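Residue numbering begins at 1 within each chain, and the chains themselves are lettered A, B, C, D and E in the order written.
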């Protein structure tokens, strides 16, 4: 194949990497930073997508839908944290596994009760609807550029908050020793409720942004759940930079895997993760606990 | 030629740019209590970690009874008869005091890959466990959950576990830290008794204790061995006074 | 009368504290006034730490009251109590392993309840130069003593009215230990109160205005340093020295 | 006294990706029964309705429940082919009369065929085979095949090749994509580089929406014609929007089929359930019809099993899809339409295959 | 005495299970067989999660491999001799566990969770996309294993009741095996590894060896469960190995109470029975299931089985409560 083919594939890979980071960003916060094993991540993503669909339908504007959807997602996160997760911080991580596993069931049913079982789509907002020609017969949709931009913004924002601000320090500190943080005069419960809500909102936000290029359907969260964990783990928990690199790496490997080794396409990502963890047992940028 | 149990030859270990042990060459004589002192961050714990296999040296050699043990994993080193206690309490928090010592004692079986006979029936292990509990003074707390014991008691348990493995050489990283005065005295007494038929390498900031039980002293500063020698010599050494002890009255 | 309670930073009465089913504190009453330096002694496992945790709300007492500046804060969450101007150096140090030394220090730095800001990063680093050399190291990569300095430094960074030190000199080299005692002396002079748990009896007797000895969850002795120094049989009985 | 009830066991997915299919099938079947006064051959009906979750691992357990515990007279289900195989394996032979209202695996009326097993939907063969000639007729000779790489997708692709290659077409490349993944970008770039006349695809549900949208977004619509098995656009008009305009698919049904049965059916379904009918509803409706037919033939006597089966296999149903008969292996024989999406609607272009049958490979009955 | 009281419910449950086929209909015997098989699967995982501290999120791989080994080797056979099929399945699962375990135990914590997940996913996709082994359609078996003595099949597994007793005896013997292992020196070591692996190594144990052996034992028992499931249902497909299956297995272990051997069994009963009967109540049964699981997590921190000691405790307390005034008077 000619060079342009590989260039376009490279673009696809980077694009896919951005999308993966976006999708995994909520999980980075909840799982990577706060250390909560959140299997309901996909459900929050789904909630976001459905909110985008539903609110766009109601208001007629995608942007308005995002604006209205985010507070709802924050609220959902807050309720889940207050009434469930907050009881588990002192316990073995496995209870989080079980609880969030159960949350998947609950959210799936709630979704069906609220929005039914149809497959939906969200129309790309007018201003971002165009596309840029790439080769003689292929073009690149502007909306994808927008997603990439959003992803970069989120990545930088998260990096800044987590690594550079006192809030970020408190969050990291709280993940390792809640009691000590409290003994230093910080309201850990409120802090965690807030951060958890933020993580949920991020997951939902990813779902909202992805809705116009994806489809909105029952159980859609499952598709992003495992891959999000893979992204975070490859990068190493606790590191935003790691998640970003992990996402890019998976974007590359899976895109070129599909082209060069199509029979192995499904296995590729997992093989990559296994190899990386064998090489660096705490992920690329993770630190030993 | 002294009869040395353990010898290190130009041991080096650095973390990133920081050299934590710098060309440490030391000899530990059989049957002696050899204390290592030095300011905080001097590299004492790092040295112990190298000796116990918890860390691998960048270069240099460690010889135990003439055998090169430099790159052996901690479990092998332990099996050769080097026991250690940790500066930061390192026990099985959810186990009872007794179980903690049991697991330690059981490690001296030829193999614990035994699936059939209940462990409880192992006489030898039982005796070792009891002895260790007795020695560290926790016989009366045998059934308490380790996490429910006070900090000082946990420190005692830390030593008890090490004893249960019946080591020949004991690496003690601040065994007295966190103990009350009375317990300290007990432990010092215990160490003195152990010194009769063991070799002890002792890190301790409690100078009274050091001077009362150690025969030899090594002073480390910034990863380097500043001085090694008999108690009296070190005590009167000007360099040591400055680097570590401060005013003399503290040392008395 | 009202003035007097106002002057007490902590005033706790009849504390009964349990861990699950085990009864640890048996009706301890405890108070500390502004600017007072208090030592807390007792053998291992007698309940010193438990008392401190009860006061701070980390292990809330099942019975009894805790007043902070005259205000009843029994059962209040720890962070509210601490925010009244108390800093706590726990015996297990509680360093955040995933934060750098600098982050550990600045994370909760704040000025005191009355706006005082005696302690800031510069002063803490001046006091513990070792920390300055380790600014970008991770908390769990410090030596034991360095961690100890870090917790003390971190506590000072909150500019407290009351500093609680639970075995703060454990594992410190003699020089640094002296440094800590001189810090305590300094803060004592600047009017900050302190509760100190330590096994260095001599240092305590020199520093403390008042001494409390706890045995089996009860206060068995309370008195001035002079009194305690004059009665060696008391330490022999309760402290074993 | 009152007649004993006829028990109809239903095993369909009501949760997860296939939930919509399950509900539409059930609702349409219930509607058909309701039209008949909720009587089967003079006997009232009792439903035992179970959520299959479309999980193969649970299929046997649930089927067993219907057969052994509930002793159902009829078994209707499922949607998912693999569930179907587990189910049919247990039901074939001595089990209840079984009607499959969707699952398309060839084996169900092939290797696993049995006198008591009927299908009112399609076989995967019927989803692929008529596609070949249809595309040749449209003038596309160089074609890429893209499909989800799982049992059903592979069967559709194989059937397509079977008709397309002998008719003079060339398969430029086969691109199986992992099921049920929906990141198609890399494959679309490959497709663009291959520059075929057209592409024949098998995708369904959320994946289909994503594929059609991605295909359009990559700007491929102008240069490569998109074809597929009907699920590519069936019932997805609203979700796909403009992206689907001009996409051609083959299916045994189209919403706009202009026969009176269809018109009546669609209005009734909308009235009864509030949602629009689709091919799944039609299949459910016909499943109801088939059961009704059998029961009426024996006047409700479920003991007359042979007679009932004979009546069912010779049934000629006036389905919303048009005429529907059954092959010797109990697979439907029906017309296959070539459809194109125009203004969000699947409009019939022409009949792609008249009375399309299925070879029933491996069936000995 | 108290040990006897504690094991009373266990013995009673065993008795009930042994007698069940005398009363239950064929369907329920079949259902119970399935639960017993799943319980065995959960039990095997508990050795890892509850005792060794290795949280495997890929345990279903061995379950699947046990089933697939049987199906692949005997799909076209005219008889399935148990004494060939069973060892084959166990060996296949054990070997897979050895390989996966060898790779995985190099990591720990959540990284271990994820690497075991990755390994299982690779197996899943391998079978899912392999044309040789039936792809996602899976493989059917039309025969049950036989144990021939002379020309007589002494097990007659094609009869539901017989299969039931076969599965039950597998569960009981696995249970006893684990009880024994956990009492033996090996058990002490793995429990200590769970509590503090670093310290165990410092005490002179080669922990990776113990972890690996534990992993292999658990994998083999899961393979046994997979073998039973494959033989019982006559059907294996890749969904045996899906992450869902591993997830549900973890759920059963925790729900019942990890770190006890009866916990996972109770957990299996609860989950399978709920899955079986809740759908009869409402179409939105998963909401109920989710709600129940969440309630257990929140209110029964040590799993459903902790309810029993709690109740005992409550009874004891209320009895003591009557006498309490006297005791305080003594003080």
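Quick note on the criterion: a residue touches a chain if its C-beta (ideal position, glycine included) is under 8 Å from a C-beta of that chain, and two chains touch if they have at least 3 such contacts.
None of the values given here were measured: they were computed from a predicted structure.
Number of steps on the shortest path from chain C to chain D, with steps defined by chain touch: 2. Relative to chain B, the most remote chain by averaged C-alpha coordinates is D.
Comparing mean CA positions across the assembly, the chain most remote from chain C is D. Between chain A and chain D, the centres computed from C-alpha atoms are 35 Å apart. Between the CA-based centres of chain A and chain E the separation comes to 32 Å, rounded to the whole angstrom. Chain B and chain E have Cα centroids separated by 43 Å.
The mean-CA centres of chain A and chain B are about 48 angstrom from one another, to the nearest whole unit.
Residue positions of chain D touching 2 or more other chains, listed in rising order: 14-15, 178. Across the assembly, chain C contributes no residue that touches 2 or more other chains. Counting only residues that touch two or more partner chains, chain E has 125, 128-129, 286.
Taken pairwise by the contact criterion, the protein chains fit none of the simple patterns, being neither a path, a ring, a star nor fully connected. Contact between chains, per the stated criterion, is found for A-C, A-D, A-E, B-C, B-E, D-E. Residues 49, 55, 103, 106-111, 113-115, 117-119, 121-122, 125-126, 128-129, 243, 247, 250-251, 254-255, 258, 284, 286-287, 289-291, 293-294, 297-298, 301 of chain E are the ones touching chain A in the complex. Only residues 25-28, 30-31, 34, 125, 128-129, 131, 135-138, 140, 233-235, 237, 239-240, 242, 244-245, 275-276, 279, 283, 285-286 of chain E touch chain D when the two sit together in their complex.
Here chain B touches chain E in the complex through residues 52, 54, 73-76, 78-79, 84, 86, 90-95, 99, 102-104, 106-109, 112-120, 122, 161, 165, going by the rule given at the top. Against chain A, in their complex, chain D makes its touches with residues 14-17, 19-20, 23, 175-178, 180-183, 185-190, 192-193, 195, 205-206, 209-210, 213-214, 217-220, 222-224, 235-236, 238-241, 275. Within the complex formed with chain C, the chain B residues making contact are 15, 18, 37-42, 44-46, 87-88, 148-153, 174, 177-185, 205, 207, 244-246, 250-251.
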